[in-house]
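In the part that follows, the structures are each spelled out as structure tokens.
Shared chain: chain A. Partners: chain B in the first complex, chain C in the second.
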Partner chain A sequence: MTRSSFVSRSFKHWSLLPGVLLLAALTLYPLANLVRMSVSTIEFAEGSEIWRFTPRANLAQLLADDVLRPALVNTLVFVVVSVAAEMIIGLALAIAVAGLVRGKQWVRTAMILPILVPPVAIGSMWKLMYNYDFGIFNQTLTALGLAPVNWLGSTSLALTSVIVVDIWHWVPFVFLILFAAVEGLPTDLLEAARVDGATRWQVVWRIMIPLLRPAIIVAFLFRTILAFKVFDEVYLLTSGGPGTATELVNLHLYKVFFEQNQLGYGALLSLAVIAAIVAFLVTARHVSVAVRAQ
Partner chain B sequence: MKLRHAGVPDSARVPRAARGGWMGRTLVALALFAVIGPFLWILTASFKQQIAIYAGQFPFAPTLANYAEVLFGRRSDFVGNIGNSLAVASISTLAVLVVGSLAAYSLHRFRWPVWVSAGFLGWTLAFHMVPVLTLLGPWYIAFRELGLYDTRAALVLTHVTVNLPMTVWLMSAFLREIPPEVEEAARVDGCTPLQAFLRVVLPLAVPGLIAAGILAFIFSWNEFPIALTLTSRQTATVPVAVARFAQQYETQHAQMAAASIISTIPAVLLMLLGQRFIVRGLMMGSVK
Partner chain C sequence: MRQFLRIIAVFATTAGLSLGAAAQQPFADVGKQPPITILVASTPWYPAFEKVVGLYEQQTGNQVKLDTTPFGGMLEKARNAVRTGKSPYDLMFIDTQWTIEFYEGGFLAPLKEIDPTFDMPKEVLTYGDSGYWNAQKRWRTADGGKLMAYTVLGNVQLLYYRPDLLKQAGIAPPKTWAEVAAACARLTDPPKMYGFVVRGEKGNGIRYDWQSVMLAEGASVVKDPAGGDYTVTINSPQAKAALDLYIDLLKRCGPPNYGTLGQGDVIQLLATGKAAMGDVVTAAFASFEDPAKSLVVGKLETVALPAGRGGVFGAVIGNWNAVIPKDAPEAQKKAALAFSRWFLTSAAQRAFAQAGGIPNRSDVYTSDLAKEPRLRWMPAYLETQKFAKQELGYAEGAQVEQILGLRLNQAAIGEMSSGKALNTAAKEIEELFGKNGRKTGALPPLPE
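Then we have the complex of A and B:
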């Protein structure tokens, strides 16, 4: 058997092999290692690792972690508020842009930009704009004779400020998905409704939005899952502060792992996060199956 | 769901029923202002002296000093950071295109048992949804043990892994659009599966490769948390450097603005050159 015929005959297997190996080495193995780490205390001494078996101590730490609760609450608020706002604004914008007679392409081009630029750059941008002394918002307020606001430094406002950045970042994504869906709606149906005397609002509420439901569900699920992954902008804007006002689960994870160097406890937290997300996915799947079956 | 309008033709037939009124146009204008305004603000800030930023001066005397300081300042490694980012993003993009399109083709063309195909696709999807922060701890330990901590190789490997789900799903979607008769014909003409893949399927899947390639490159260029934890000064990428300007004891606002603007250049270029592919990629990745 020549080499080339061997390559083609086993092509089925070796074509999938690199992907499988990569996933095994960099997702499956680390996941297994997380389990081992989660019951251990790992310390670095003179360049070597020292592992000790301390399942109880790690669990006790989880129960005694008083940053975890605010982090969970903030993450939940962050996800619910930002995704809800992104869906509403994105949908309104998709319908509005689809109604333009010209210039659609320009709007779409502009809208892609926030999705593509580095989140870190978005964080810096808003850090400048939110700046207490010379940011654009406080400049405007003082020009209007109003008192400046401490956008990122006040415990009551910081989370809202951070959510606004996420909305700014991700409305375009919802817009893109829903805009494509709106453009794909059957035009004769909309025309017929108008001929029958429906107002513009009625067309939007009674015809467009019900027809857009599948796309809305997809955009919603995607945004919800991605919103849980937020890290970069918040790390730059507030790093979780002031206090725990903008502490999110991901920021907490990062700090436990790489600022407090608690690899064992961090692994336990990671497993908890993964379990929570798997639970969410399973529920979301059941819900979306139920909704579609309606 | 298919994208019927890959490029939206201007002044397309917009049905009267769907045409927006003044409220719609106001909303669009506000949204455009909200999206573009911050970019213009940071762009102007990057050309201001630090002192002009603090004073909120407008108009101001434009200066390139911030860019010069970011790129060639004595304490700056930004040119090195750009080199690292370019190397990691291009190598990991090439690698993920090879690995991802091979895997997508294998699952698409050959009869795998369901547990293999569903398992592979399901696992990539699940991995895509879990925050990467959860795996950083084990990655850190593994790369230390392998002696790959603080190397560009570690970044390439992790970026390929992170981009693999998107690439496989995107390429699968594109492969499904190639009519099976094309491959049949190649087979009849005596092509082996490998030859059919290389000479017939891949050329037809070029739009998919471009879409996946652009997105993978941008994700890798933008990626922050992995680079933050697996690199130090020598191997740091652009996002890590930008974050340093923002995180230092005293934030250097003018330089942070200039570094941010530089970091957005690839995204802007790729958006202008490959918008068609990007939109198609983002759509297929999410809608399919």
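Then we have the complex of A and C:
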């Protein structure tokens, strides 16, 4: 092999080096540092950091953390319920809007709006709407002669109220992905089914949904990852209360890391969250492969 | 007691000043200084501070850039500023709860090390010595401590009440918590009128407000932290009585969402005329007098927070301290201190009060300003200074607040009994102190 051919062959690999180095600097180094932090206790004195190696103490704190348990359960409920509702409503809306003869663009534009609103604004807006004394929901209920509802102050209702906000926020995201997929379905196939006497329900259930599977899986994966990462809305709406009714893992992590300044234990919690998301992604990938194989 | 005597001495010294003399005291001449940047929270008193800064710029020609940040982002900005080695801020305002972390971490420049001639004017209130740090004792005290900060704004809770409604019901302004409970029973008519509103939300809200009742009942979180005895006393019968009373007030006198009631909600209920009495910070008074924000302009009066069963008064101080980062350039530190000298003058503090702020000098409270109707909160504030205390003044303060903030809220919403909540909190706080090598212990558990 001549020198010039070796250079030309290896160039494509070398050309990737800057990107690889950048990726390593921006992801691997922080991750490695996070791992190092997670087995340490970090304190400050004389303006400098003092690191102590305390993996057992951090792990013991993780296992004894009284708030983490309800936070994990709440997070799981939040992810399962909100993502399931968003997928069902988003899919139904995508199919319904795709069937419109006129005004599709208007609906699509209107549906984008909730995604464009910053989560901080969404949290503040819904907090006002949920307000017991002045909120629009209770004002409406009172005007109708009904009793006001303690939307965010009741332990049995607070998490549901938070989930409703998330559904309102993210249904459009699912809708947009699935709407594009529905629009891309082969019309001749759908027409043929209708000519063969299939009902609208049969067309949707037996033809559209199977064809939409790849798009549904993509939307589901994105939404699940984002649902695990939810923070702003819950922080503004309830800050995890009342009690631990809406305490989520990310909220707890924030409090440990930033409010209590427990950097080592906070890092361990972060790793636990990352591990949970990775475990979910691996499982979802296997499920996705199995579904495609069918 | 010593703090109380010191405050009395300060007031006695300054009360002799003639009103005119206080008004005529000059602003400090600080000369030409380089521009400085101040980290300040977006709070109800920020507009007043901004006006005073404008006055400083106008008088001295020196420039001040204000980095206004929502409360939630303040701590992170301050931490990042001091941990990166070159602070973008020359002066930072930090909540009193955060000061221990900054003092212990060695991130701040003691004020006298910047300029040995700098002295706090004797009229400036010390707010429980929150600006001093004794590194050996790990405690905020002027006794052997270095001056690290001064209070920009000292907030204490006051009892706000509607004299028109109380008069109508034939009730005098309450002087004890039992009287508050009795008055609320007669004033409450939900959802039109709530007799008494106070924060019940998880975290800082319930912890901070409840501690005033706790102090009034003669209870404490820790036995003697100043003396190094961190025996946990939060599950005492007195603390339980304070918690039972507080929960009763929340449930019986406030709205059904009492478990999530935050400061904004309490202020909103008072400002809209839906509450007859409330436990709110002094800084909120200006907004109640603003017709754009309030339906009760001129209708609210204030008194010091009520006493407990033993006649003891209690209030917790929540002040903002001005600190200078150690890693700011020397010239910038001096410029920040020059601004501070100017800000601490009687004239500047008068201007601050007139703009809607809460001055930190006792002579302003004994001046003609205290007679202005829109500053009619001043006597109650001054009265509160006699017994108000700093709480959770140790390195574990933030974690103790998280523990108490959760357990008190759980008791309030009925997730656990008051006895169990306090026992659980005591156990968790004792473990925390034990882990950090403190001399600690606990009281026998309360019946659950």
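We take it that the second predicted complex is superposed on the first by the 268 of 294 C-alpha atoms of A that agree within 3 Å, B and C clash if a C-alpha of one lies under 4 Å from a C-alpha of the other, contacts with A are read in each partner's own complex, and residues count from 1 in each chain.
Everything below uses one rule, namely that a residue touches a chain if its C-beta (ideal position, glycine included) is under 8 Å from a C-beta of that chain, and two chains touch if they have at least 3 such contacts.
Small disclaimer: the values here were computed from a predicted structure and weren't measured.
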| item | value |
| --- | --- |
| Side-by-side fit of chain B and chain C on chain A, or clash | clash |
| Which superposed partner A:229 touches (first chain B, second chain C, both, neither) | first |
| Partner chain in contact with A:137 - chain B first, chain C second, else both or neither | neither |
| Chain B versus chain C as contact partner of A:67, first or second or both or neither | second |
| Touched partner set for A:258, first chain B, second chain C, both or neither | both |
| Touched partner set for A:152, first chain B, second chain C, both or neither | second |
| Winner by number of chain A residues touched, once chain B and chain C are compared | B |
| Which of chain B and chain C A:46 touches, first, second, both or neither | second |
| Contacts of A:242 with chain B and chain C, given as first, second, both or neither | second |
| Stretch of chain C penetrating chain B in the combined three-chain arrangement, among 25-33, 79-87, 133-141 or 241-249 | 79-87 |
| Intersection of chain A interface sets (partners chain B, chain C) | 131, 133-134, 239, 258 |
| Residue ranges of chain A in contact with chain C within the complex | 44-48, 57, 66-67, 131-134, 142, 148, 150, 152-155, 158, 238-244, 255, 258-262 |
| Residue ranges of chain B touching chain A (in the complex, touch as defined) | 1-5, 7-8, 10-21, 23-25, 27-28, 31-32, 34-36, 38-39, 41-42, 45, 53-56, 98-100, 102-103, 105-107, 109-110, 112, 116, 120, 123-124, 126-127, 129-142, 144-145, 157-158, 160-161, 164, 168, 192-195, 197, 218, 221-222, 224-225, 229, 238-239, 242-243, 245-247, 251, 253, 256-257, 259-261, 263-264, 267-268, 270-271, 275, 278-279, 282-283, 286-287 |
| Residue numbers on chain A that touch chain B, as the complex places them | 4-5, 7-9, 11-12, 15-16, 18-20, 22-23, 26-27, 29-31, 33-34, 37, 42, 49, 89, 92-93, 95-105, 107-121, 123-129, 131, 133-134, 136, 139, 168, 171-173, 176-177, 180-185, 187-188, 190-191, 193-194, 198, 200, 203, 208, 214-215, 218-219, 222, 225, 228-229, 231-232, 235-236, 239, 249-250, 253-254, 257-258, 263, 266-267, 270-271, 273-274, 277-278, 281 |
| Chain C residues touching chain A - in the complex, by the definition given at the top | 75-76, 82-83, 101, 104-107, 191, 201-203, 255-261, 265, 268-269, 272, 274, 326-327, 398-399, 402, 406, 409-410, 412-413, 415, 428, 435 |
